[in-house]
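The data blocks that follow each hold one structure.
Each of the next two complexes has subunit A plus one other chain: subunit B in the first, subunit C in the second.
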Partner chain A sequence: MKKIYFNEEYCMACRLCEIACLVAHSKSKKIIKAYKEEFPSLTPRLIIEQKGPLSFAIQCRHCKDAPCVEACVTGAMKRGKKTGAVSHDREKCVGCWMCIMSCPFGVILMDTKEKKVATKCDLCEDVREPACVDACPNEALVYKEVKGSEKK
Partner chain B sequence: MKSSGKIVIIGSSVAAISAIETIREKNKNLPITVITKDRDLFYSRPLISYTNFTDEQRYYRDKNFFRKNNVDLIFGEATIVKNNSVVLENKKNVKFSELLIAVGGKPITLDIKGIDGKNVFTLTTKDDADNIKKFCKNKKHAVVIGCGMIGIKAAEFLKGLGLNVSIVELMDKPFASVLDEKSGKIIADKIKKHAKLILNNSVSDIKENQCILKNGEKIPSDIVICAIGVVPNLDIAKKSQIKTNRGIVVDEFMRTSRKNVYAAGDCTEALDILSGKKIPIPIWPVAYRQGAVAGSNIAGIAKEYAGGFVRNSVDVFGLPLITLGLSNDKSGEEIVFSDEKSKVYKKAIVKDGKIIGAIFVGDIARAGIFTGMIKDGIDVSNFKNEIFSENFGYIYVPKEFRSKEVTPIEI
Partner chain C sequence: MESSASVLCKSSVSVQCIRKANMKKSLLFPDFTVTRDPDKCIQCEVCVRQCAFDAHSFDKEANKIETDNSKCVSCLRCATMCPTGAITVSEHQQNIKKNKNWTEKQLKELYKQSETGGILLTGMGTDKDYKIIWDHILLDAAQVTNPSIDPLREPMELRTYLGAKPDRIEFRVQSSEFRGQNKKLRTTNYELQTKLPPQLKLETPILFSAMSYGAISLNTMRALARAADECGIFYNTGEGGLPKELYKYGKNTIVQVASGRFGVDSDYLDVAAAVEIKVGQGAKPGIGGHLPGEKVTEEISQTRMIPTGTDALSPAPHHDIYSIEDLSQLIYSIKEATGYKKPLSVKVAAVHNIAAIASGIVRAGADIVAIDGLRGGTGAAPTRIRDNVGIPIELAISAVDSRLREEGIRNRASIIAAGGFRNSADVVKAIALGADAVYIGTAALVAMGCHLCQKCYTGKCNWGIATQDPYLVKRLNPEIAARRLVNLIKAWSHEIKEIMGGMGINAVESLRGNRLRLRGFDLHENELKILDIKPAGESM
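Presenting the complex of A and B:
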């Protein structure tokens, strides 16, 4: 499977990835509408971190032995057999936050605008390249095949 | 270790399911039989207290999980392991080449007058929840004994059924073993908005319509839920001469003292990385991991259990609470963030440069980073004063400790 990786040397914390993520997960998929009508109830599924000169954008790593899948008591968090990605089912989620407790990257977020549920990167499911990667002007975010996982 | 015969699993909750998934990932054909007491196999135990759920919403895996994974089911109680067979209550023998005991925990019962009354329940299975629901019709007052994880969920359950709830706790605060004074007070204040909370007290006599407390106080109660906690279920292990201590003793491969017999989940005691000792850690993620490790070894692929530590996340009447590790330890350095107005309280305990425990009340965002730092034993000396700053994140984790999941090898 393909995963999103970051290269902190190239990241300038321009936050374009965050905007792209937000818009990609909005109803309208249009930047102005998304910000005018849906923001701030929209939650980007990635986090931009900065410390001194360093910065990067981090989102769900779709880990091999995913701690969130282990910790999920409802079965909402699970690994897709075909894709290998970790997916989250809003309908099943009860907002117990076991996944937030478990994710060592801290990239599972709360979505509390309707029912309280967890939310995270879905790799923009049906598109060729995730929106954040597509928006990154400096190739600090890359979308590439995981080594040794070609079979999966 | 390579399996050739028939795998038998006793139990059908998370450790069993995780073992089945792991075995099936590696081998589609090994015959697997599950022996279970649960009539409704598919529900997730932590969800039994949600009153507004349909049965469908309580499913952990889908309804066809066992059929799809080609698992035979036997509904009944396993009583003893003899030679290479499990003997059922009806004396039937079920032969195995490898056995996994995943029988979970048993609710702790108290020696109180009236505890065997018809109005006294425990809440760990869906049958318990269904029985309580039936019993609660036209009832007004409930008492929950114990203010921990199960106690809170029991109280929410009873509130959801429309009863007035009193919680009686022996200690001076809720979740007494994992909360400190301040977080205990915030949680207690929250509980008090929804239920009567009686601390430093205990029930000494349960009558049909009231409970009499140790100090003589009488509180109305039509139903009592005993929610002190659970202990590992050692019944079958003890009868079968399998080594037990507080839990079933297992090695790093989840093997018990008996040949070809494995154990996983709440019934075991396994390595606690914070104390270096083997103790029962009856939490969901540990059960899942142990089940997966046992499953892998049963399927013939050696895998070691690296150990775990106690941690929990619970929503207390809408207030999120996460505790990690030795969260009530008094011997380490305490790093605290507290905002009384917004009911946010965070604390980490640092010892020898490492975080050994943490508490998050009200704001639990990114708490998992702390779980990761505890697990990996990361030295936080250089940035410990920044761990609750707004900018804190995974970027603080030293590069050499960052996971391979972050950067591919070729970059």
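Presenting the complex of A and C:
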């Protein structure tokens, strides 16, 4: 399956990916409107790690043996049969956050703005290329299929 | 484009220096005004993170981004990266009383110098308002009496060979007869008897100028090397040595031997396709380079073969070259060291006596003469030198080409012209004036993202090009940059073919020195004489 990969060599921590992610998951999908009107209720679905000049953006790895799917008590976190991607259903989620506890990458985040739920990268289901990848000006994020990565 | 400066803080001028100089009140106004559209700004802080000059800052209490105009250098990084297009940078409008002689620029330079007591430093080629002769040369096209050629339908030849060409060539012709099925057949074989001097084969008559590791980042060098490899052309290491990692691009590399001899050893000479002795640079003729110790990182120290943190000083002259005979000695030492297998180039700045100098260089044994004109770029040069020394490349090309022809030695060396080539039309005109190929430096940097803010000497290039700062170097992804360079070379090559086709010429060889196809427009009689072209309106 196609996944988002980062290349820390070219990540400059501009955080444009984070902005694009917020906008892509906003109601209006318009950057200025999203920030000016919806901002407090928006949570990015990726995290940016930074230490000195080293930085990278990381989001859900859609692991093959996803611990979050195992840990989920309601079945909100599940694997899509066709795509193989791990998806999260806000309606089913009860906010127990066991997925957050079990995620080895720490890329499932809390969303407490409305109902307490978990939130994570959905690979921007409806679009050709995830918003963060599209926004990265330096190709430090790439959306591609890596053969053999599924086995791990 | 050798790096850096003469004695940084004490003598050079930057805002920081002025602060350090302990002036109570600076008389300088900012150069630029940064305008932020409050309706568009979303306080995402991308601009804050992208500005290496710290012009933008975020005030948490006010939840507002502030901009210090005095720090802005107009590199336009923030304006380019801003996701909402909220930022515009414009010239600072302060009505300094208009005066044709004492312009705002002159006044600002006086204030800077009176506040720091230093040499004014700058980067890139001169921005002074000199007449650009390229824009006064017009090209011919075929009409009625001679057919033009459609480059999309017919083959066009841009391949160029750089190096000495023999005075004459000898063939051995062997014909032999043999019996075919029904009749006698005759074949003729031609065998070249003359041994050809080594040549550089270019797929298009463009090369990337010398830019040293130190002046530019490793990622920039990687991009240049990859692009040169893909386009079948050459890039030049400048005088900063060649990082081991780039040895694999050796067949597309011209290595420089400059007055500091940085990074020169037998491997360096062996791996390259050609060696260039750098005597001068268009942006700073008569001046050596100075890479401040702070920029000499571990990697650069290894490549340049000098201790970490020490200043890399290139002497103004080569201390072993004080005459054409001395130059000849160095040329032949290098040729001996490389087994006479590589063409040897000598790069000089275009100065008043360039024709005689070029003649001397050819007679000294160089296979290529590279001439860098008045508008040549640099990583750092004193402003006064950059803006006032040298002659325009247009005049230098024709002066050198004419002189070498008169002396009957034009075939003994190729001419590479450098210094401010902006587009493919400039290239075509340079070749028609007599150059074999051109070096492009600034155009290549612009293709990679440079916005000509001329702050290369600060080492804070926001585009990740002229910097060694690990935070900034990452901003240039060599894959993207190489792609952009390849596109540029491809585009120019297409355009050159298109222009040549219009002139009814199908090989760049037939364009070279073809001054009959050029006309001067709005040029002085003396300029026409030196360019050896006719004024527009005059027939063949």
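One rule holds for everything that comes next: the second predicted complex is superposed on the first by the 146 of 152 C-alpha atoms of A that agree within 3 Å, B and C clash if a C-alpha of one lies under 4 Å from a C-alpha of the other, contacts with A are read in each partner's own complex, and residues count from 1 in each chain.
Here, a contact is a pair of C-beta atoms (placed from the backbone, for glycine too) under 8 Å apart; a residue touches a chain by one contact, two chains touch by 3 or more.
Since this is a predicted model, take the numbers as computed values, not measurements.
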Joint occupancy of subunit A by subunit B and subunit C, clash or fit: fit
Partner chain in contact with A:Tyr143 - subunit B first, subunit C second, else both or neither: neither
Touching partner for A:Lys92 - first (subunit B), second (subunit C), both, neither: first
Spatial angle subunit C-subunit A-subunit B, Cα centroids [nearest 10 degrees]: 150
More subunit A residues in contact [subunit B versus subunit C]: B
Nearest-approach distance, in Å, of subunit C Cα atoms to those of subunit B in the combined model: 13
Contacts on subunit A seen with subunit B and repeated with subunit C across the two complexes: none
Touch list for subunit C against partner subunit A, complex: 39-40, 42-46, 49-50, 81, 83-84, 464, 470-471, 474-475, 477, 479-480
Contacting residues of subunit B [partner subunit A, same complex]: 14, 18, 44-47, 50, 57, 59-61, 284-285, 288-289, 292, 311-315, 320, 322, 324, 364-369, 371-373, 375-376, 391, 393-396, 403, 405-411
Subunit A - residues contacting subunit C, complex: 9-16, 19-20, 31-32, 35-36, 52-53, 135, 137-140
Sites on subunit A touched by subunit B in the complex: 3, 5-8, 47, 49-51, 54-56, 58, 61-65, 67, 70-71, 73-75, 92, 94-110, 142, 144, 146-147
